[in-house]
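Scrolling down, you'll hit the structures one after another.
Across the two complexes that follow, chain A remains constant while its partner is chain B and subsequently chain C.
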Partner chain A sequence: MSDGLRTQIGQLARRSVLRTLRQPAQIVPALIFPLFLLAVNSGGLKGATNLPGFPTDSYLTFALAVPFMQGALFSVMNAGTDLARDIETGFLNRLALTPLRGAALLSGLLAGAVVLGLLQAVTYLLVGLTAGAELAAGAAGGVVLIVLSVTVTVAFGTIGLFAALRTGSGEAVQSLFPVFFVFLFLSSMALPLELLQTQWFHDIASANPVSYLLQAFRSLLIEGWDLGELALGFGIAAAILAVGMLAASRALKTRLVRT
Partner chain B sequence: MSEPRPAGLRAVALAVAWRSVHNFLTNPAFLVPALVFPLFFFVSFAGGLSAISNVPGFDFPPGYTAFQFVFVLLQSAAFGGVFTGFGIARDFETGFARRYLLAASHRAGIVAGYALAALIRAFVTWTVLTTVALVAGMNVYGSGAEVFGLYGLAVCVNLGATMWAAGVAMRVRSIQGGPLMQFPVFLILFLAPVYVPLSLLSGWIHAVASVNPTTALLEAGRGFISGDPTVVVLAFGLAVTLPVLFALWARGGLRRAEAAG
Partner chain C sequence: MAAESGEHAGIEVEGLVRVFKNGPRAVDGIDLRVAPGEIYGFLGPNGAGKSTTVLMLTTLLPPTEGTARVAGFDIVQEGPKVRSAIGAALQEAALDPLLSGREHMRLQTALHGIPKPEREQRGDELLARVGLSQAADRKVGGYSGGMKRRLDLALALAHRPRILFLDEPTTGLDIQSRTALWEEVAQLAGDGVTVFLTTQYLEEADALANRVGIIDRGRIVAEGTPAALKAEIGRPTVEAIPHEATDHERMREVLGRFGELAGGPPRGAAVRLAGGEAQLAEVVRALDAEGIAIEHLQLHAPSLDDVFLTKTGRSLEGAEAAEEEAEEEAAAEAVGRA
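Up next, the complex of A and B:
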């Protein structure tokens, strides 16, 4: 990486991180809302651990994977809304007049998502463990879990960037939120895949990549080290990241041509 | 030439309701979420959690689909009211509500009109939700009167939530008050026996759900659909009391809005 590119990324990353940290409205819901649902679901669905084949006797441990995914969904909104605001206020137009490279812009904008993802992952893990969840993979597993969480958060953040560049509207990015919640709800969020009895729901959840991301998180929490589950989880996150970055890069080119 | 007589409360209410319902039915941004979200919750809860009915101690003869239908029905009733509150807040932001306040001879009719609109919106949602549930094979063991009781509870919940949200909207007079309208309703709904009966909850959630009024509404509703009515007097007592209390809250909001000009 050239010095120029490094400087460009550094400047935009600093701006992105500061902007994220200065907006409690972005951070607080992303921390509180998933933890509230974790508390409610782990209390309400505790009885599910009595089902034959349920992988653990602690529903809290099973459900702790979900906040990591919900946090990633928030990053779609946060990364996308920030960029959309830059488009709406004309900041992107001003950047277009500088020799800034597209890769620097996109990478820099994702720095805020990385910081928020890290903050979320550490908070969810600490709260979960304090509440009594298990971490079968131990301390090293905790580190891998945080790395996976940040990777997934950044991967989903690229989708937010793509949406912002395509639409140029913060409102349109916000309207994507329910769409991503559909992916979460139609997954193995509440029960393991093998315990989903309704056939059509099982089929959809089996085809939904979110189910496998959840399984990767759960493997560290419940089973210990399952390299197959982890490889699948990281692989899916990397694929979303690659596709998201490619789509965002193309949308950026189109957006800059328009301006 | 005699001056035109000022419109009565009923005429004001009907005019406000007509505009709100017209906006709801002709704007996909309002109509689609109102229809899709309850269906989505119903599908994901009833479909994804059906194995919960195999948990030892879970005894609900009509099945898990009917068990979840009652929750989603009451949830859609509550959120129908909250979304109407969003509409009121938007009317204040755009200045339209001020024109209402200037033009209406009976200002209580404005609130009544919003409440009527919320109810009509809810009926549209319930029609779609019920149709989908029946097509999906939901069992209804209750009699006609019991099913009527279930929808009666939903009407009261809708009215109560509308009055709550209207009170907030007329105090804040901005869509920024949205979370304040929405979050308490979300909280009270989900701190109830959503996935399993109260008897299968344990720990803090059992303690909270035991004193949560939503629990009585859910239990009564589930009793109606299973043909085994339970806690009916308590549920209807709450269902009638809450809208009355929140109507007083909404009236206070209307006074604040009037004072603000």
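Up next, the complex of A and C:
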């Protein structure tokens, strides 16, 4: 990587992080809302642990995987909305008049998602453990869980960037949020895949990549070290990241029609 | 940093056209030349094609037809070289409300590849130049409109460009901020920077520009120094308001005897005197002879608005409302060009 590119990424990353930290309205809901749902679900669905084959006797531990996914969904909205605002205000045009490279812009913008993802992951894990959840993989597993969470957050952030570049509208990006929540609900969010009795729901959840991301988180929380589940989780996150970056790069080329 | 000099350090435009999808020809074949060190005022109502022209000349929008060279570089074939030679403050100061003025300068200087040890010094120097040193560490969201425009100008100058594009830099500013910005622009031109300035304010073009191009519906309808353009029209205008509203039509009829009627003040009328200033006394005598009591009477020297009126048949102010819709359509397409 050339010095110039490194400088560009560094400066845009700095801006992205500053923007994230200076917008409590972005951070607070992304921290509070998933924890609130965790509290409600782990209380209300406690009885599910009595089902034969349920992998743990702590529904809190089972449900703790969900906030990591919900947090990632917030990154779609936050990263995308920030970029859409840059398009709407003309700030992207200002950047386009500099020798800025597209790769630097996208990487820099995702730096905010990394920081938010890190804040979210550490908070969810600490609150979960304090509330009594287990972490079967131990402290090292906690680190891997945080790394996985940040990877998933950044991967989903690229989808936000793509949406922003395609539509140029903050409202359009925000309208994606419920769509992604449907993906979350049509997954193994509430029960393990093998316990989903309704066939159509089981089929959809089995085809839904979110289910496997949840399983990767749960493997660390409930089982310990399951390299297969982890590889699948990291693989899916990496695939989303790659596809999202490719799509965002193409959309950026179309958006930045500078000669 | 600024690119190496091209063979012509100014701006040369030939037959530039921009057509938006399902829209009007926002720019319809313009030709112009701006000499190095000149302030060129691009005057026209909203929607006339000023901003579209600036977007093309700054390489942010490809032209549909025609050619243009900026700082000696072709805007289509040599976009990066053009960008390194120009600075631009586009319409609506595009700033990040969550960053401070100093943080903006740091970002801009870094993205332009200014070496790290020089960045802070350059940023401080420019912030001082536009009078923002005291506010440098405040978030831009709390700046006034004038402060934002001045920061925008400072950012455009970060890499010492030889050509500066200012797209309606004083729109919405109070007279104090406007005057301060005019002084700064004049100072820049004094330093040898070529300035391409779009404006819808007649007095701005008159006060600042060495030469003015008047654009209407995508075409340049007049070009020259403000003095030459006004001299070309050569006819002063008399505007009058009758004391009694019922005399309005009769007053128009009397004024009409002395030349072409023009858009007058509210409740009044105006006439462009075919025989020049000497006719003023005759106008007063004629109104008196008809027994029309006058509340207000004023003689105006020819203005750029008169030039616009003569060339287009409409006054600059009147043209704005009519072309607002066209501009919104074009802007919407430019924003959604993905």
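To be clear about the criterion, the second predicted complex is superposed on the first by the 257 of 259 C-alpha atoms of A that agree within 3 Å, B and C clash if a C-alpha of one lies under 4 Å from a C-alpha of the other, contacts with A are read in each partner's own complex, and residues count from 1 in each chain.
Keep in mind that, in the parts below, a contact is a pair of C-beta atoms (placed from the backbone, for glycine too) under 8 Å apart; a residue touches a chain by one contact, two chains touch by 3 or more.
These numbers come from a predicted model, not from an experiment.
*Asks:* Kindly say whether there is room for both chain B and chain C on chain A in the superposition, answering fit or clash.
*Replies:* Overlaying the two complexes on chain A (C-alpha atoms) leaves chain C and chain B fitting together cleanly.
*Asks:* Residues of chain A touched by chain B versus by chain C: which partner has the larger set?
*Replies:* Between chain B and chain C, the winner on chain A residue contacts is C.
*Asks:* Using C-alpha centres only, what angle sits at chain A with arms pointing to chain B and chain C? Round to the nearest 10 degrees.
*Replies:* 90
*Asks:* Once superposed, minimum distance in angstrom between C-alpha atoms of chain B and those of chain C?
*Replies:* Once the two complexes are overlaid, chain B and chain C approach no closer than 19 Å between C-alpha atoms.
*Asks:* Per the definitions at the top, what is the overlap between the chain A residues touching chain B and those touching chain C?
*Replies:* none
*Asks:* Where on chain C does chain A make contact in their complex?
*Replies:* Where chain C meets chain A, its residues are 58-62, 75-77, 79-80, 82-84, 86-88, 90-92, 94-96, 98-99, 103, 106-108, 110-113, 116, 139, 155, 335-338.
*Asks:* So in the complex, the part of chain A that touches chain B is made up of which residues?
*Replies:* 36-37, 39-41, 43-48, 50-51, 178, 182, 185-186, 189-191, 195-198, 200-201, 205
*Asks:* Contact residues on chain B for chain A in the complex?
*Replies:* Residues in contact with chain A: 33, 36-37, 40-41, 43-44, 46-52, 54-58, 187, 190-191, 193-196, 200-206.
*Asks:* Touching residues of chain A toward chain C in the complex: what are they?
*Replies:* Listed in rising order, the residues of chain A that touch chain C are 4, 7-8, 10-12, 14-15, 18-19, 22-23, 86-91, 93-100, 165-168, 251, 254-255, 257-259.
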